[in-house]
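The structure that follows is given in the form of structure tokens.
Chain nomenclature is as follows: A, B, C, D and E, assigned in order of appearance, with residue numbering initiated at 1 for each chain independently.
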């Protein structure tokens, strides 16, 4: 049984149909990437999984039970966490408070403590900025905070919407290493990345979205070598 | 299921809006004809009087919408500016015998000066903090009106404010007063509309959406806020002048915080940044208390609950979220590109 | 007389502070101007009184305390109900925040007039169950013990709510929601539940404030909310929105200064003092005395 | 529709005669509107049921209109009332802002507007059709000053007045009259209505100056607060209360604290006419509350209008107006009064003291003074 | 002298105890494409904010077209011919794409209050002109088809493009782009690169912050590297690529 199964999902905003009946699966322990041009519907798909936007039709099954159009808070409690597009840190709260909120669903104080320790280890700059208001962080610092916050709870399924956005090359490498590491620790990952080359290279499988529809799928390797993908998403060069 | 239902309703509403947008000229003309013929068709003084209230509050709601809806500055003291205008007109006409034409111009100017005076030191304050500054302004004005007896006659109010007259002809009948306020409303709508269709209007909207970005686009945010404030308070002053001549008696009780909230309610209910919305909101809330006379004792309770209920069903106001101009533009554009597709 | 006037000022200031606290929590934390707050304050006072005199029929300290608890619970429940019925649907439909304000205006009108109908329009005497008495310091300066009580109560509520907002998980959920509700839900926070609870607490505190003030003036009337509503609004902003200690200080400052102004300058212009201080402070410090500067990182 | 409605000058001997009443039936001043409404109904029962109507059997009907004590609503209602073209007289309004805004419309439409309570100094001079039944401030307040100075022997008074037209005017007139007699107003402060609950700064200030009497020119709700707060500050001079505080509610709110206070009013509970006793008993039976000046004045307004119609022999408002304006020694609940040249009912005031929680007429000596 | 369009002297920006920009100087010549790179939190965006007047530098001077602009307001600086995009997108979200660009046109058109109310020919011409030019800019940036859509309804990548279009509408000489390629895939980035080169062809001077090294190394003529607020290197791409300090602080070994 796949960990997440998306069946025939459609989402629209008024007259705009952002996602038009897509289906895909993610198995436990996989890294799966969604790639696609601007506006293809990647973010919308992620948001539909976490319940942030409501779907018009289709079904989303997580761990055997349907989470279609559930309340985001309930979905998160089932073990899904997301680092959303555009960072979305809590600007007036400190870095530390932001991280603590990442572990809101767990009662155990130890988990929070460990999570924060890990976050500081992964991104030392966050430790330096621990008591600074998150809104004053630089763009990249906020991005790190958003990713670290999503990792606070050891989710079953981690959704990362462009986690490398605005990060320095050094840190981008760290992020991809990190994704591999947490997968190895048992977390399943759904990744949306503009840096498709890197993303596909660490992914087990990938799906290509075009104007709200899945047009291609395959293993990371297959997609990376697919001429269409190379042409449209990898800058034409391989 | 309920969800789906309300969505259908919304779509229906959007459709209606689209039709309205496409035929905006016709609708404008029809409304205008209706407004002009209203007092002739319905000769009842009572109805005309209610209509006068609708029109007067439309002027107030539109003027408030200019800063609240179009610029994003919530004002909780709009009645303060109305009061300044009303007192200016009342004092000029009772003490110096000035005619309505000139008292209304003077009221507009004085009220906008007050707007500028309030704005200069305070418009750098943001958001909810600024809202309470406007509330404070309204209260301060009222308390000054109450205490500065030599100028305003304090709590005695000013009575015997002469009727409006033009070239020696007194406008004594309700129907005359009706046409005066109709003209004022048309002027208001025209001014605000013209502004919003110009670079000044775009500057206003950009300030509402993102001050920092507006600044970076070369817009002197502070200057435009002052301009907006001046025009808005000036129009409120104009309505105040009309109020004074229309009622014949004013005192500080007419310009309370509750009055400010009433005007704000009309603006919100009609929909932010919508001129037709403001007219509908103002008319609705002017007629509602009369329509509710039937429920007697429960009138105010029902009134309050209705406000909440309408907001719950239409959380962006009756016409909020529908910019007719945008709808029309998009429609025309879609039509034109469709046309191109067909040709190719 | 100065000392007496200072005591007068501190008393009315504590009353402003008392009303501001619950308001400020909802206002500062959820960024919603709840115009109905002062109505709940009045309603809470009425409920305590009527529970004590009519339902329990026991005019005593114990009767009072039981009634107070019933009242704060009932009022809180009504506050929560208001959120569920009149505000939550607006949030769900992504209405503009300002429409929520209008909804609270409607609720305010409805409550005020319902109270008029149910409890009548005539002010009702509130029995002085504690009968705390007063004492004289210096030849002519009098302090009533209940004035001290109000001050202490305001302080306790302020500290209690500050603890809730700044030191508990629930509090950080509240603050997270005010800054970014969607992301808050992604943290697993049940947004609507937390907001409803916030209203429950805020209005329950309003009931406590109303009851205390009723006890102090030994009466309740339908205008009691109106007389403190705007001032406590001003106090909340003066102190800095969302800063509960700031709100308390703002209330006391306003009470003190307006009293001294009324005593030594002009009683007629007394009610502009609050707003003059407020505007002056905001011009110098646009986020109030203790408000956090809202950073706008570009 | 207009033609179907019974016209003002209807010749039909059985057609009812219409009055309109307007005032607050909702909102903050609802209590006063409610009181007046009951008083109107009592008067109607008397006129229609007991007396069998006017002009040989025509009934009087009163329609009630709620204006929330709001000026704009009062004007709207006035237009409605005028537009119906069937009302002979209008009873109301309550507050000054509303009454002052509506009265010119009635004047213009030549409908009698007789207010039981409007006390604004400029009210009855608005026009010929505008009348009122409350003691004029001038007469009333001068009587206060005389009594306080002459009978009570008080020389130094501090005033705290509500800052509305009524409170301000009374304070002004009292100051003038009292100083003219040689008294001294040691301090005068004011407060804004409906938003003031704390009077301690003004009371402390007055206390400091140690006057013989303290005169809060306030309605009963605020007066109750002022008495309490004065007591809290140990300020215990002779209290002079405004005429409007003669209400059972004041005693209910203040308990013992009101005892010893002085006030004057045309209404005293010991008025001895049968009709007065009857009306007050009936009022109490219906509402559970003691009647007061508001009941008396409203009742008198309705009765006097009916009497005027009867005397005129017609329900033509213009003719009735003339009768009304010239009425002398009208037998009201409290005895006879006359209308003065501007249209005010001139009532005789009685000195009253609160003794053991009762309003006691002390014109024949003060029983509490031994 | 006159081919230097922007001169920054010793600019320092402190926030409380934190020094975000530390004594940075640079000189930009007319028509150049200059890159600013550096680790996250190095102070790049803050530096942009100093130049464009959003912040006033704690120390130092900035000269634009030989004029001291230190401490000027953003709108004044924009009027002088400098425009920027924002790292965290800041569009006018209740306005259409076209209107967003027309706002950028603000200081290029001059009709005033009276003109707009009386609909003078000055007003009409200004409106027509503004709309025409806005459409040109939208064509250029490939957003013309979205002109009547609300800015928020655009996907992230196109919102970035709209930011650029809006900045161009102010008729600037110097354009500052803060991470213009963020959120774009490689194909889209290639388009962007071409677009920026075209801009240079039109005579614009461009300063950009980017973490996408392919873009930076391909189109920038000179590069400044910031770290912890200080300038640690300056030079042409090939020099920067091989600068050990830059590799250590920023690029990492992964990039050749």
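Keep in mind that, in the parts below, contacts are C-beta pairs under 8 Å (C-beta built on N, C-alpha and C of every residue); 3 or more make two chains touch, one makes a residue touch a chain.
Please read all numbers here as calculations on a predicted model, not as lab measurements.
Colleague: Moving only from a chain to one it touches, give the least number of moves from subunit B to subunit D.
Modeller: 1
Colleague: In contact with subunit C and with subunit E at once: which chains are those? Just list them.
Modeller: A, B
Colleague: On a CA-centroid basis, which chain has its centre farthest from subunit C's?
Modeller: Of all chains, E has its centre farthest from that of subunit C.
Colleague: For which pair of chains is the number of C-beta contacts greatest?
Modeller: B-C
Colleague: Find the chain most remote from subunit B, comparing centres computed as mean CA coordinates.
Modeller: Centroid comparison gives A as the farthest chain from subunit B.
Colleague: Quick check: how many Å separate the C-alpha centres of subunit B and subunit C?
Modeller: One centre to the other, that is 31 Å.
Colleague: Using mean C-alpha positions as chain centres, tell me how far subunit A is from subunit B in Å, no decimals.
Modeller: Measuring from centre to centre gives 47 Å for this pair.
Colleague: Which whole number of Å gives the spacing of the CA centres of subunit A and subunit D?
Modeller: 75
Colleague: Averaging only over C-alpha atoms, locate the centres of subunit A and subunit C and give their separation in whole Å.
Modeller: 43
Colleague: Would you mind listing the residues of subunit D that make contact with two or more other chains?
Modeller: As it turns out, subunit D has residues touching two or more other chains at 26-27, 163, 192.
Colleague: Two-or-more-chain contact residues of subunit B, please, as numbers and ranges.
Modeller: 143, 146-147, 212, 297, 300
Colleague: I need the residues of subunit A touching at least two other chains; which ones are they?
Modeller: 136-137
Colleague: Looking at the whole structure, which two-chain pairs count as touching?
Modeller: A-C, A-E, B-C, B-D, B-E, C-D, C-E
Colleague: Given the complex with subunit D, which residues does subunit B contribute to the contact?
Modeller: Subunit B residues touching subunit D: 44-46, 48-50, 53, 143, 146-147, 149, 154-157, 159-160, 172, 174, 247-249, 251, 253-254, 289-290, 293, 296-297, 299-300.
Colleague: Which subunit C residues qualify as touching subunit A in the complex?
Modeller: So the residues of subunit C touching subunit A come out as 169, 172-173, 175-176, 179-180, 182-191, 292, 294-297.
Colleague: Which subunit B residues qualify as touching subunit E in the complex?
Modeller: 190-191, 194-195, 197-203, 205-206, 208-210, 212-221, 227, 273, 326, 329-330, 333, 337
Colleague: Going by the contact rule at the top, pick out the subunit A residues touching subunit C in the complex.
Modeller: 50-52, 71-74, 76-77, 81-82, 84, 88-93, 97, 100-102, 104-105, 133, 135-137, 149
Colleague: Within the complex, which stretch of subunit A touches subunit E?
Modeller: 13, 16, 35, 37-40, 43, 85-87, 125, 129, 132, 136-141, 143-144, 162, 165-173, 194-197, 231-236
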